[in-house]
Amino acid sequence: MSLVQLDDYGPWTVTPKPRSETDLQAFQSRLFADLADFVGSRDGYAFFGRFDNMIAVTNGIDPETHERFQERVRNRYPVTASVGIGRAPTPAAALGAASEALQSAGGAQDPARESAIAVAGPDRSSGHVTIAHFDVVDATATYTNTHNAVDTNLTIQRATTELASYLRSEHDGVTQFVGGDNVVAACPPLDEAQFDEALAHVEAVAGVTLQVGVGAGSTARDAGQEAKEALERCRETGTRFARGD
Amino acid sequence: MSLVQLDDYGPWTVTPKPRSETDLQAFQSRLFADLADFVGSRDGYAFFGRFDNMIAVTNGIDPETHERFQERVRNRYPVTASVGIGRAPTPAAALGAASEALQSAGGAQDPARESAIAVAGPDRSSGHVTIAHFDVVDATATYTNTHNAVDTNLTIQRATTELASYLRSEHDGVTQFVGGDNVVAACPPLDEAQFDEALAHVEAVAGVTLQVGVGAGSTARDAGQEAKEALERCRETGTRFARGD
Amino acid sequence: MSLVQLDDYGPWTVTPKPRSETDLQAFQSRLFADLADFVGSRDGYAFFGRFDNMIAVTNGIDPETHERFQERVRNRYPVTASVGIGRAPTPAAALGAASEALQSAGGAQDPARESAIAVAGPDRSSGHVTIAHFDVVDATATYTNTHNAVDTNLTIQRATTELASYLRSEHDGVTQFVGGDNVVAACPPLDEAQFDEALAHVEAVAGVTLQVGVGAGSTARDAGQEAKEALERCRETGTRFARGD
Amino acid sequence: MSLVQLDDYGPWTVTPKPRSETDLQAFQSRLFADLADFVGSRDGYAFFGRFDNMIAVTNGIDPETHERFQERVRNRYPVTASVGIGRAPTPAAALGAASEALQSAGGAQDPARESAIAVAGPDRSSGHVTIAHFDVVDATATYTNTHNAVDTNLTIQRATTELASYLRSEHDGVTQFVGGDNVVAACPPLDEAQFDEALAHVEAVAGVTLQVGVGAGSTARDAGQEAKEALERCRETGTRFARGD
């Protein structure tokens, strides 16, 4: 997992006075889009996280390639980005290692840190990723077409938060809302019963019925495509869980 | 308030088979960035919402101008966008009116709906907006520089969800995470005690200490800039609440 | 007419060492795309010019609005932009006035110049624009589908250069290649015979047969749309010249 | 060399009626920027060409990778792109082979052609590229800071056209204006005298004094960086020609 953190970004957004919020929104979104393209075309996955702290699943992408992304940011944007790369048996542990590596290289608002890169963990990762792709059963009919958008958004947001907390505490997963009613998690290999429990938990605490497609592979792209195709089978067959072949 | 909803987007993302997730991420983020630019340069505010359902504070921006944005989407992207515009005394009621207007024009996955636009509410809005801009007290030192990014993200996400739920149920506000540790709400005019209660609620249920700057004006941009400057005063003085002059 | 000039850009591209050429290409193109959006949504026209010196037809767009674009550049890119705005009876004279105004504010590589803005000419422009939209007769069959792309590109490039030189010297027009086989000129009101002569000149010196649609209006958008529709009539009827109603 | 051609683009731009010109400008520029990023991060070079016909130096980038770019276009834009890939001893011959391959797959406005890909030439290219990077000696002082922008643009444009024609006819090179006063050519290995003649030709017919840095390598990026660094030495030492080590 990689953690991409903008350098000294908070202070920049208010220097010399608070910058236009819509400009910041547009700027952050485009920078993330660039990361998604960059990582995506190398078979990884990118998550917007908090925009100033973006997360990527980057199995098989070496540090030199990350530097190329840093160069691109430096050439295109008024800010720079530092990167922590962590390798560990679970996604959350890998992201923890990445976080610590980056913290060692300097704080997020340390003016001296600029385009730093830090790596932690064993030399080679296992090369195996599991991706779970969730969505809300019948979201359009149940929510979008019948409720105030503010409530639909809140409902999805709460379901996401509960799912992310659960997968973090129970299985060391890293979970991200990816738009619409879709949520993607990088997680260890789990069995169907474990996913059923996760869905049941979200239904119990947030009142939202999810379904999930699960895929595995040597890259996030392979695992993720498999997960998406499995989720299609859920949509077609009405089952709540499907796994790629 | 305006609700910008991509037409028949869910089905498109899986036709003929599931499209690359990073391509979708990049696509959605750029489309939102375009909305932020478009609305921002007309003194409004734009929120990414769920990306396929974006929200904008658009006082003083007429329907014809919204059509220009729809034209731009049609000319630039492989999807179209429909728009609901709602006017009402509170942000949530306005977004509710916008949601209903859009729903009347056709469901989100109705293949016949394309670039629809629908308006609900009185002819002229009050022309007065209140924007509250929140952030987490000392977020970088307390979280970013010391915790696993997965946990920091979850903490901020939970605080956002709790704040958004509270402002929705208590004050009919519309709240959006906008990156980093920043959360923006369009809300009715509230007094300091009401904001104190909101902060206390989030502290109690999510364990996160927020501060807030509040601004008002005839456009979201004016109100928002005032709110951002007020929040700067919080950061400088250590107070938890500040209001623009 | 407005001249948008990046500040101290040449030196930046080689500091501390030459930056990646494709990064610069992508950067320049996106900055121009932002200008096109910004100006376009205010009914103007934008031309990429030399990318570090972009040109816009900006009747009716006031200096404060230009400053908003400068703010956006500052918030989004690692460079700033200065702007000269010129008003005069012909497009070339207006661009000359804009050039001089900008030069007075500081040279293009003057490190002290940053986001300058300078205006020259009478307080109010005439509010009338003529746009001529040219393309190559039957370009796809004659060139694209039958020749080496290097030669097709050269042919179109030479035709553009000759047309631009002619319209500049004979009619004080400002001419820009806009992609494909399309060329757009801002020019004074000319009659059909004058356009015929321009087409005959290009045919004689570059061997390329053009057709042209002409429109007029109070904004570049109105004039340009009229020109584009007139050009469609040329395509349909086989005439070499058409003018909007 | 690769030729990236938008499918049935001309008709699309006027369906159902002519689309906003600034929208088209922004759209084309962003699509090219995406190509520049995509190719650039694989060590190639991309040229905007005519925007609907873009050119890339793609040594070592296989057809499957080109398909990934086509997928990205399909997922992001309202148009598709077909690609011809040609291999040959000189850049112009390679682009000719790419053009013919693409033409065999269908005409540019053939509605049936969509995301086609066609390859021509020997299985493996020589893996050696020469890049020449030209600019105008003292362009800022001589032109930008002292002339009407319309004339400066024309001067550079004419110099570019003459240089491109010369390198095409004499040395089978492919030449592209890349912004500012910069022109880049992919060419066979030429000696200093041959470059001197090219510069002399441009000086004679266009009255513009150029200088050139030349680099070679197994990828366009390597060759191009070497050329850019050589050009820096020209700027520093006042010589008109420099070659990378």
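Things worth noting here:
We just call them A, B, C and D in the order they show up, numbering each chain from 1.
Assume contacts are C-beta pairs under 8 Å (C-beta built on N, C-alpha and C of every residue); 3 or more make two chains touch, one makes a residue touch a chain.
Quick caveat, the model's predicted, so the values are computed rather than measured.
Compared with chain D, the chain whose C-alpha mean position is the greatest distance off is B.
Set side by side, B-C and A-C show the greater C-beta contact count at A-C.
Spacing of chain C relative to chain D, judged by their CA centroids, is 21 angstrom. Between the CA-based centres of chain A and chain C the separation comes to 42 Å, rounded to the whole angstrom.
Once the centre of each chain is set as its mean CA position, chain B and chain C turn out to be 36 Å apart.
Among the residues of chain A, those touching two or more other chains are numbered 20, 23-24, 26-27, 30, 34, 37, 41, 72.
Chain A meets chain B in the complex at residues 3, 5, 9-10, 13-14, 17-18, 20-30, 32-34, 36-37, 39-41, 44-53, 55, 91-92, 95-96, 98-99, 103, 107-109, 133, 140-141, 144-154, 156-158, 160-161, 164-165, 168, 174, 178-181, 184, 221, 224-225, 228-229, 231-232.
Residue ranges of chain D in contact with chain A, taken from their complex: 34, 37-38, 41, 68, 72.
Residues of chain D touching chain B in their complex: 19-20, 23-24, 26-27, 30, 71-72, 74-78.
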